[in-house]
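The next part holds the structures, each set out as structure tokens.
What follows is a pair of complexes built around chain A, which joins chain B in one and chain C in the other.
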Partner chain A sequence: MALATYLIRKFIYIVIVVLTVATLTFIMAHAIPGGPFTREKPLPPAVKKNIEARYNLDKPVLFQYFDYMKNLIRLDLGPSFRYEALTVNDIIRQKFPISAVLGFVAIIIALILGIAAGTISALYPHRWQDSLFMFLALLGVSIPSFILATFLMYVVGFKLGWFPVAGWGSPAHIVLPAFTLAAYPMAFIAKTIRTNMLEVLNQDYIKVARAKGLPERIVLTRHAIKNAILPVITYLGPLVASVFTGSFLVESIFAIPGLGKYFVSSIYDRDYTVIMGVTIFYCVLLVGLNFLVDISYTFVDPRIRIVKQND
Partner chain B sequence: MTKQTLLRVENLHTEFRTLFGVVKAVRGISFEISPGETIGIVGESGCGKSVTGLSILNLIPNPPGLITQGSIWWEKEDLLKIPRKQWLDIRGNKISMIFQDPMSSLNPVLTIRTQMKEILQYHTQKTAVEIEAECISLLNKVRIRKPKEVLSQYPHQLSGGMRQRIMIAIAIACHPDLIIADEPTTSLDVTVQAQMIDLLRDIQVRTNTAILLITHNLAVVAGMCQRVLVFYAGKIVEDSAIDDLFAHPLHPYTMGLLKAVPRLTSLDEEPLATIPGSPPDLIALPTGCTFHPRCQFAMQICAIEEPTLQTVKGRKVACWLYDPRNPGRLAE
Partner chain C sequence: MKRFVYLVVVSILLSVVTLNGCSPKKSASIVRYNIAAEPQYLDPGKATGIPEFTVLLNLFDGLTRYNEQNEIIPSVAEKWNGPNENNEYTFTLRKGVMWSNGDPVTAYDFEYSWKRALSPELASEYAYQLYYLKNGKILNSAVPAEGQTEFKMENKYYYPKLDEKGNPVLNADNSQVPDLDKPFSLDDIGVKATDDNTLLVSLESNTPFFLSLLTFTTYLPVNHLVVEKNPDWSKSAKNFVGNGPFKMNTWIHADKIEVVKNEKYWDAGVVKLSKILFTMVDNQATELVLWESGQLDVATNPPPIEFDRLKKEGKLQILPYLGTYYYAFNTTRKPFDDVRVRKALSFAIDRQSIVQNITKGEQKPAMAFVPYGIPDSTSDKEFRTVGGDQYFTDNNLEEAKELLAEAGFPGGAGFPEMNILYNSNETHHSIAQAIQQMWNEGLGIKCNLMNQEWKVYLDKRSSLDYDVARAGWIGDFMDPSTFLDTFYSSSGTSDTGWVSPSFDALIEKARSANDNFLRMRYLHDAEMLLMEDMPIAPIYFYTRPILISKKLQHYISSSLGYTDFKWTEISAETTP
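Presenting the complex of A and B:
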């Protein structure tokens, strides 16, 4: 019962967020000077008028807004102005899987390597393992992704020739961009896990676990890591957000035909419907994922459930 | 009566190397425990009583802690010289431990079942079904109602008293020969404290387990122990049978401790007796007897040389007042 009201409340909240984002994006997209059919060499006025009439661009902005919202509620994001044969729904359907694969691989890399590095650092505090990983983590949070991307392309891709420098198509193509995307969250996770792990290892229940005669492996995996991971789960929402927004840039650098690259070029093209469609799509995705993170938190930490039941 | 020894601690030294200097928490402790015996360790905070308990199970966090000297004899083996693997067989199985704070001793994200089962999984050959049955019987032994439900619960759903009962259930799960109880009642309500003491005493009578009870609560000691070790600044200052200690404390520190116990019969106007001064700084200990700055009987020698444990009428005390070399020593 409590869960049902929680879900309903959450759903209403998501709808409000999405409508607000759609409105703001609409205003901002239309506020950029120029339009989808502004060219260096102007179109003949008659042609331009025809086209604008076709896309309702000659109507008042307010009319365009309500027209767009009406379609949005039917989940129709409209046609692309730039790619005539494609609707925005088509573009998302075709291009998002590429971004999703890249993002998913990056998140997995960030989680596995971040948790491993953080745990090892906490187990050997102030020894060389700790110093090494924390130095790398410092680099990870401070180097911008476009610098890391060019560095990886040049050294690993070009000089060493281990992985393709750019493009898309084979698993090897995923490695460099995924690693670039993963660097920041990985470093952040490693630092968080190290701090938490050091705190958790000092807790009484760890002493109790050792006093039970459990092997150190079990003390770590069963008793320590689960507690140290809790704050990382809260971070999963922002992590997914940073990976997806980061992918706009990384996809452009590595010439990956994903949704991020389309999004960036749609802004240059004033492709209103694509700008708005992709923004709304990412908005729904992120709000939805954050919602999943909220729920998953209750599965890991039994203390959260009680609070909700009493709520 | 041939008195066999279960555990013999010899000249144990444990220290912590901190940024501020070396904290000498335990400075040459020696004692023995016989099977089925209950020994109390009493003393103020920071006198090394908990560190002694942790040292016996080699649970001193290292760094900064380190056992620098001594031996801990258990079944003809020095526990400080055995390999890591063998430790796992002793901890929780032969020697188990109950900690001070039941609120933080259970892992918040694991069910009681997981936390009870694991000790049986690692120390017995029982099947899953047998382990489940054993967990329920253990919870019955520590008088927990509805054990089946409790097994599926998480620590935050249980009261402090229940959590400490569960800690006791875990401690007795493998029928250990010795239980080290480190302030098992300190963080509980007085009524619950009494229940815990009853429970521990009851378990001991039934299973003949030796208990090393670490506490600063003299009432708890009086209710449970046969023998008491009084700790001060990392050393034993008095080692005595319980009745003798309460009737005729020898060491001035013990006298002070006994006087400082509030009594129901005392008048309202009467202030509670205290031991003047504060426990010594373990990094920079006083010269001679570590208690001399607070001792009302202090003599010249007390500030110069540290007294050793001397046997006086079958009891042991470390005080110049009773040293045979002291010409004016007290007969008792």
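Presenting the complex of A and C:
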């Protein structure tokens, strides 16, 4: 019962957040100078009038706002003003899966390599393995993604020819952009895991486990990593957010037809419906993910309860 | 230690497992061309912009077409008569021309297409390209009958109702009220099919460039049977129907368009390519790497910082491009309302140094407004050379200083601090910096740089909220009027606040002139007047630096910016 109330409360909260974001985005999008049909060669008055009538841009802004909200409730995000062939729903349906695959692979790479590097560093503190990985992690957090992207594209793609330099279509196309996107979180995870592992490995229960004569492999997987990983899970929410919304540069450099690009280009184009649609979509995604992270805590760490006993 | 080795091996494997065929296979007759952006519309009636033109020109065939020698040749039209003294043409269409779905291409398709492009219901941005047709402009500003939202040949239109002051009467929702006493008939538009193969066209006035205009996308036909049945026909590859050398095969939005040879094309015998792949890579550096690694045949936007190297390696080609880069003065603001100030600023610019050190694409310094490459009254002469290559001397500091002193600012004393407005772009920024320095060192004038995002910049420019602004104009067709009309006061495109009744009179005279020699003389006079009053300072004439694989032969790259692959072949020898 308490869980149901929690879920209902959470849902209402999500709806309020989404409506607020939609309203603020609408105001800001319409407040910036220029419109979707501002052209270097200004349109003749008759042409302009026809276009504005077609997209309801000649109507009062308040009318446009309620019209948009009415459609939003029916999950219709409207047509793109710039690309005649696409509705905003089309754009999200066609382009988000591409960004999601890329982001998913990047997160998997970051998790596997980050946890591996962090664990090894913790097992051999201040030895060469540790120094090597922590040096790489330092590079990972400090090199901007566009420099890493250009470097990987030029050296690994062009000079060495191991992977396609850009584009989308085969699994090989995913490797370079996914590594670029993974670099920062990988480094961050490695450092976090190292710190936590060092702490955990000094705890009494690890000593007990070792004293009982458990093989080191079991000690690590059953007891150490499980506890050291908690902060990484906390980090997963913001990580997914930053990978999904921050893929614009990487998608642009590697010519990947994902959604990240529309997040930015729609603003340059003053493509109002796309600005709104993509922002609302990401908003729902982030709020939803945070919600999932909240819930997942309870499974990983029994000390955390969603519903307080006395509530 | 064993575990460490194990983990490293696993991570390496993980990254290699995903490596598989990145197939660099190339078939001999495929061209991969980067249009750099997702087309906004692939409907000829609505298309704007170079990426759209390039794709459409290969998917459609108009009445005329440009050949490799840059001559206008008959295409769907077999021949024509005209213009007669009433500015009328009669086009005879080739028999047996087919759409890619097998329907015949008829004169009715052309009549339908042009009227549709002009109709207010379609709301085409480029409808004004058809204003040359008799009553075309009236249709575009007519009010459709109530409830009429899609164009049909039987649609009804009315003139807009006007109040006593001549302004249109508006409904509560801002739409225009039709004047029900004044209906407007589609039959009054200057295009009429009299049978399947005969098209009568009548124009508003003498338009010597009309045959060239016919190659423009807005004049391309659409299949009226397909369009009437499915208004969304041009939005996906599945329902797309064209009549060009190639036909639509795949369209993955924001990624690629694949067109293949159209076996039903009337001139399919000359088409050598089996496929064109249009890619949409917008990052300049990425496009360059793709081209250099052989994964693209044509890169249309090489980054200017690489020009020196690409030239040295013999890779960069410079194609002509019909456009002028200029600085506009806000003539409604002091002290730019004084022609001496405008001239002083213009004369003090060292254009040669800008094209040599900044743009580096073999651009020509512009001391006039209309670029090279446009024919004069007879096709053996160029407008630019007939009008004299230049109206003033480049980098003429002496005269600039004198003019500035005459205007009351000797040595720049007392000249207000001013702003140079331009849109965010590396080249525009470098040019603005150079000019800032030239005006400061040469004339003692202090100016600040004002860098704005594209649409903010356009907004400031058109609302005259600037001192001096960077601007550019690209021609739509091969005639000086595509440039000079910009400054016709009611065109709304000048963005300088400059109004000259004598300039307007010359443009109007040119429009109504029936003699081509006389028409060009009016246009020359208009340009001279523009340069005499100097609301703008021309900087350079554009070129089109491009990377084209050496194995491509016989492609037509128009100075209007699009590329036609109808005759293109791929030579046997491949480039490294």
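Following the convention adopted for this analysis, the second predicted complex is superposed on the first by the 304 of 311 C-alpha atoms of A that agree within 3 Å, B and C clash if a C-alpha of one lies under 4 Å from a C-alpha of the other, contacts with A are read in each partner's own complex, and residues count from 1 in each chain.
Simple rule for what comes next: a residue touches a chain if its C-beta (ideal position, glycine included) is under 8 Å from a C-beta of that chain, and two chains touch if they have at least 3 such contacts.
Note that this is a predicted model, so its numbers are computed, not measured.
Overlay on chain A: chain B and chain C fit together in the combined arrangement. Remark: in the superposition on chain A the angle formed at chain A by the CA centres of chain B and chain C amounts to 160 degrees, rounded in steps of 10. More residues of chain A lie in contact with C than with the other chain of the pair chain B and chain C. Once the two complexes are laid over each other on the shared chain, residue contacts for A:H223 go to chain B alone; chain C is not touched. Of the two partner chains placed by the overlay, neither chain B nor chain C lies in contact with A:R93.
When the shared chain is aligned, no partner comes close enough to touch A:K70: not chain B, not chain C. Within the superposed three-chain model, A:R9 lies out of touch with both chain B and chain C [touch as defined at top]. Of the two partner chains placed by superposition, only chain B is touched by A:P215; chain C is not.
When the two complexes are overlaid on their common chain A, residue A:V47 makes contact with chain C while staying clear of chain B.
Using the contact criterion defined above for the overlaid structures, shared-chain residue A:E84 touches chain C, although it does not reach chain B. Looking at the shared chain after the overlay, A:M153 reaches chain C, while chain B stays out of its contact range.
In the superposed model, A:Y205 makes contact with chain B only, not with chain C.
Between chain B and chain C, the smallest C-alpha to C-alpha distance in the superposed model amounts to 15 Å.
No residue of chain A lies in contact with both chain B in one complex and chain C in the other. Chain A contributes residues 32-35, 37-47, 49-51, 53-54, 58-59, 63, 82-86, 90-91, 94-95, 109, 112-113, 116, 120, 123-124, 129, 150, 153-154, 157-158, 161-168, 170-175, 179, 217, 252-255, 257, 261, 268, 270 to its touches with chain C in the complex. Chain contact summary for the complex, chain C toward chain A: residues 3-4, 7, 10-11, 14-15, 18-23, 38-43, 46, 120-125, 127-128, 137, 140-141, 173-176, 234-236, 251-255, 279-283, 285-286, 289-290, 292-293, 295, 453-456, 458-460, 462, 472-473, 492-493. Listed in rising order, the residues of chain A touching chain B in the complex are 202-205, 207-215, 218, 222-223, 226-227, 230, 300-303, 306. Against chain A, in their complex, chain B makes its touches with residues 54, 57, 59, 61, 87-93, 96-97, 99, 101, 104-111, 114, 118-119, 122-123, 154, 156-157, 167, 170.
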